[in-house]
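Take this structure first; my questions come after.
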Amino acid sequence: MQTTKTAPESTAPDLPAAPAVSLATRLRRALRGAPLPAVAFLALVLGVALLADLIVPHDPLTGDLRAYSLPPAWKAGGSVSYFLGTDLLGRDILSRIIMGARISLIVAAASIALGGVLGTVLGLLAGHFGGWIDEVIMRLVDTQLSLPSLLVALVALVVFGSSFTVLVILIGVWLWPNYARIVRGETLRIRRYDYISLARIAGCSTWRILFVHELPGIYNTLIVMATLQAGWVILLEGSLSYLGVGVPPPTPSWGSMIAEGRGDLASAWWISMFPGLAMLATVLSLNLLGDWLRRTLDPKQVNQ
Amino acid sequence: MVVVKRLGSAFVTLLAISLVVFVLSRMSGDPRELMLSEYATAEDYELLNERLGLDKPYYAQYGVFLADAVRGDLGESIQARQPVLTLILQRLPGTLELAGSAFVAIILASVLLGVATAVWRDTWVETAGNIVAVVGQSVPAFWLGIVLVYVFALTLGWLPMAGRGGWLYLVLPTLTIAANSLAALTRLLSSAMTEAMDAEYVKFANVKSVPPWRVTMVHCLKNAILTPFTYAGIILGQLLTGSIIVETVFGWPGIGLLALQAVQTRDYPLLQGVVLVFAIIYVGIALLVDVAYAYLDPRIRH
Amino acid sequence: MNAHGPSPSPHPSARRSEAPLLEVRDLTVEFKTRHGEVRALDRVSFDLRAGETLGIVGESGSGKSVTARSIMRLLPRNARVTGGEIRYDGRDLLTLSDREFRGIRGKAISMVLQDPLTSLNPVFRIGWQVGEAVTIQQGLRGAARDARSVDLLRGVNIPAPEIRLHNYPHEMSGGMRQRVVSATALAGNPRILICDEPTTALDATIQAQFLNLLRGLQEAYGLAIIFITHDFSVVAEMCDRVAVMYSGQIRERGDVFEIFDHPAHPYTRALLASVPKLGETERLTTIPGQPPSSANKLPGCAFAPRCPIADSVCHASEPPDMALRDDHTSLCWRAQ
């Protein structure tokens, strides 16, 4: 930044035109600087979540009460069969973490899809049409962004009772204003470009311009946002489950597993520790990937 | 002018929250089911019927609800059989103490980290700062709290496990709340500092031979601090929200713990009261932040 | 408008006898970039005598700003002075520590940056910013500092300076801000003022006013000025001597009348031909081609690819610095 501003004499040399490159080279270039450990870990989590039923070593829902509160395998008294130990009901922690990965990813994917679609459509409308449509939508966005969302979510979960569907709808509705705001900004930027005017001159319908010409211009922004928000949603789902209003038991969720171990921290630390580590590693990977995507795809507006 | 406009939008937000709470209570069917315990008699139901004006149209019911709330009548807790407002006021100081100490901690730490990563950019300091920030952003607060308790209270025995007391009791909850918000603020401050340090006015300050520490800590920081300041409202909101979770981890007697008890016992009047009080604090803080920002940045003062 | 009015500077030859105030010898600066080390300044040498105005002219990217910033130690982080010396009052400034150099900067040599809009810090009042310089340069505090600040602002013809002290930069016009910047730069009573394109960001009428002011200040403070510009018509108005830069080298330097009347370097001739002259209707010439990028340097004269009179020698090897009349020199095989 500094050098280009203060000393343009030396920092912008012309480069020779890039010669044709092979696909492998291009791929390597595209992935330059990518956080490969994070990508690998996410691939692992995804694979584990998809194959959860096939690979769990024990039934994640029913435990063996004779094997309750076993420490992890490498501690005295641990068993290799229960590699990360068992909880107070004798359920295998590793198996529950594996099933929990599935829950976390499904909640994240479903609610982001819901919030993303809702927010993108409303943001496109606001940015494209402006006027009172814009006014109404953005007022709604501002109001919702200034609500204490977690508390409103608690009220809703008490009123409707907690279930998977309620949780997804709630988080989706929680997310849409972020998308709407950023998509609106991007749309305002894009619609000034000549190719949009050209499409209009060519007689494209409003809907065609919106979804065929303007929407692809903001894909990068949406990808970066969704990645960064996935981590955040996993934390949020974890918090709600930890508070006992998220995914209802006995379905294993990382958040509720952490809550279950809280009371016996002194005698069985592993019950809380491992689901938390799984969550930290997943969210960290998503954030690292999102940061890299942001740097690479460079949508100017996503800053959180 | 700006203040008047902000007051207006704060008022709208409060109305919106009250409406959301009201609508949610009516969406569940008979609101009396939510507001009375399972031991309530037929007379209790009759009484509440009259009290809430359930035979009247919805807008009239909302009017009753608003009028009561404005008078400070938030109903009675099902469990404690006490006015909701009394219960909340008992717990309010605890939450304010925690959120306040977390806010101070976050401001100090993020200024320190943000300035350090900008001044020593492209060195190990920046790398370390970035790692602290991204890990802080990714760690589940409730789990971090548990880990801190395990390490510093159970294993090392340096700090108390739970409860509210002297400043020692504040350390772990403050750290836990601060971790998440610290990341975002540090990043913002760091990039704002980097930008400020490349600005022409910094070169001109060098022409004046202003000492380097003063260029960084006065000339740059006063510019850089404005950007994250716009997020201070969001961060305070995060702190309050975070306090709900952290209070439950550390058994800290604040509004958050009260809210969780209300959720667990399905004490709807109490929960509704907590939401409204939280909303007022939330909106009030956002308002203060905006006014303070307008005061700090001469360009928008007029 | 301007109280000082245009003041005719004494004839340059009157100063010839004095020893130079600032001597720059073989100054070489390199930038570290993604594409390797790039030489931004290549053995730049010139003198500045007390009270005179030296113009440094060139296209953007020629190295004129880098020259100024090297003298002031304002180079970006990736730049490094790799050779040469900058002597002020007999001392080589490049050997001073940062702390020692702060005794020079602002006091002996000061600078007005290109953009008055961004040179002032937006979040501090004018009085604070001028006063800071007064405190640092002269050790004045409190009422004495304020009085001196008012004097400085009055010295650059700012009306009602007492009131202006309470303004923020965004409340002033570009011309006013450039005056504030100049006043601040002069707080330490420097002997040399470097002006890096001080009028580029200003409107034409404001430009003329500011140049007048600068001449007045030069008279009042006895300043030697290094005036950096891309505009030869401003050089004619302001400067006693001129140095023409191209791709990090000084291509030609000498007395301003000499250069205007007998330009020796084809690049200087091209620059002069592109200056509009009043009353002339012939078409302005432009210089064909692009300035070279410093990264991929060819052998031979850097200007050769654009030069109308280049021959095989020019393309093969770098020209030497040819001494012509008086202190008129030109870096060109074909200098006449």
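Chains: A, B and C, in written order; residue numbering restarts at 1 for each.
Following the convention adopted for this analysis, contacts are C-beta pairs under 8 Å (C-beta built on N, C-alpha and C of every residue); 3 or more make two chains touch, one makes a residue touch a chain.
All values reported here derive from a predicted model rather than from experimental measurement.
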Which chains share more C-beta contacts than any other pair? A-B
Just grab the chain with the largest centre-to-centre distance to chain B, centres being mean Cα coordinates. C
If you average the Cα atoms of chain A and of chain B to get two centres, how far apart are those centres in Å? 23
Where the CA atoms of chain A average out and where those of chain C average out, how many Å apart are those spots? 54
At least two partner chains per residue is the criterion; list those residues in chain C. 74
Listing for chain A: what residues touch at least two other chains? 2, 6
Multi-chain contacts only, two chains or more: what residues does chain B have there? 203
Which bits of chain B are touching chain C when the two form their complex? 199-201, 203-212, 219, 222-223, 226, 296-299
Hey, which residues of chain A end up touching chain B in the complex? 1-2, 5-6, 142-143, 146-152, 154-160, 231, 235, 238-239, 242-245, 254-255, 258-259, 261-262, 265-266, 269, 272-273, 275-276, 279-280, 283-284, 286-288, 291, 303-304
Which bits of chain C are touching chain B when the two form their complex? 72-74, 98, 102-103, 105-107, 110-111, 113-115, 118-125, 132-133, 136-137, 168, 170, 181, 184-185, 187-188
Residues of chain B defined as touching chain A within the complex: 9, 12-13, 16-17, 20-21, 24-25, 27-28, 34, 134-135, 137-143, 146-147, 149-150, 154, 184, 188, 195, 198, 203, 237, 240-241, 244-245, 248-249, 259-260, 262-264, 266, 268, 271-272, 274-275, 278-279, 282-283, 286
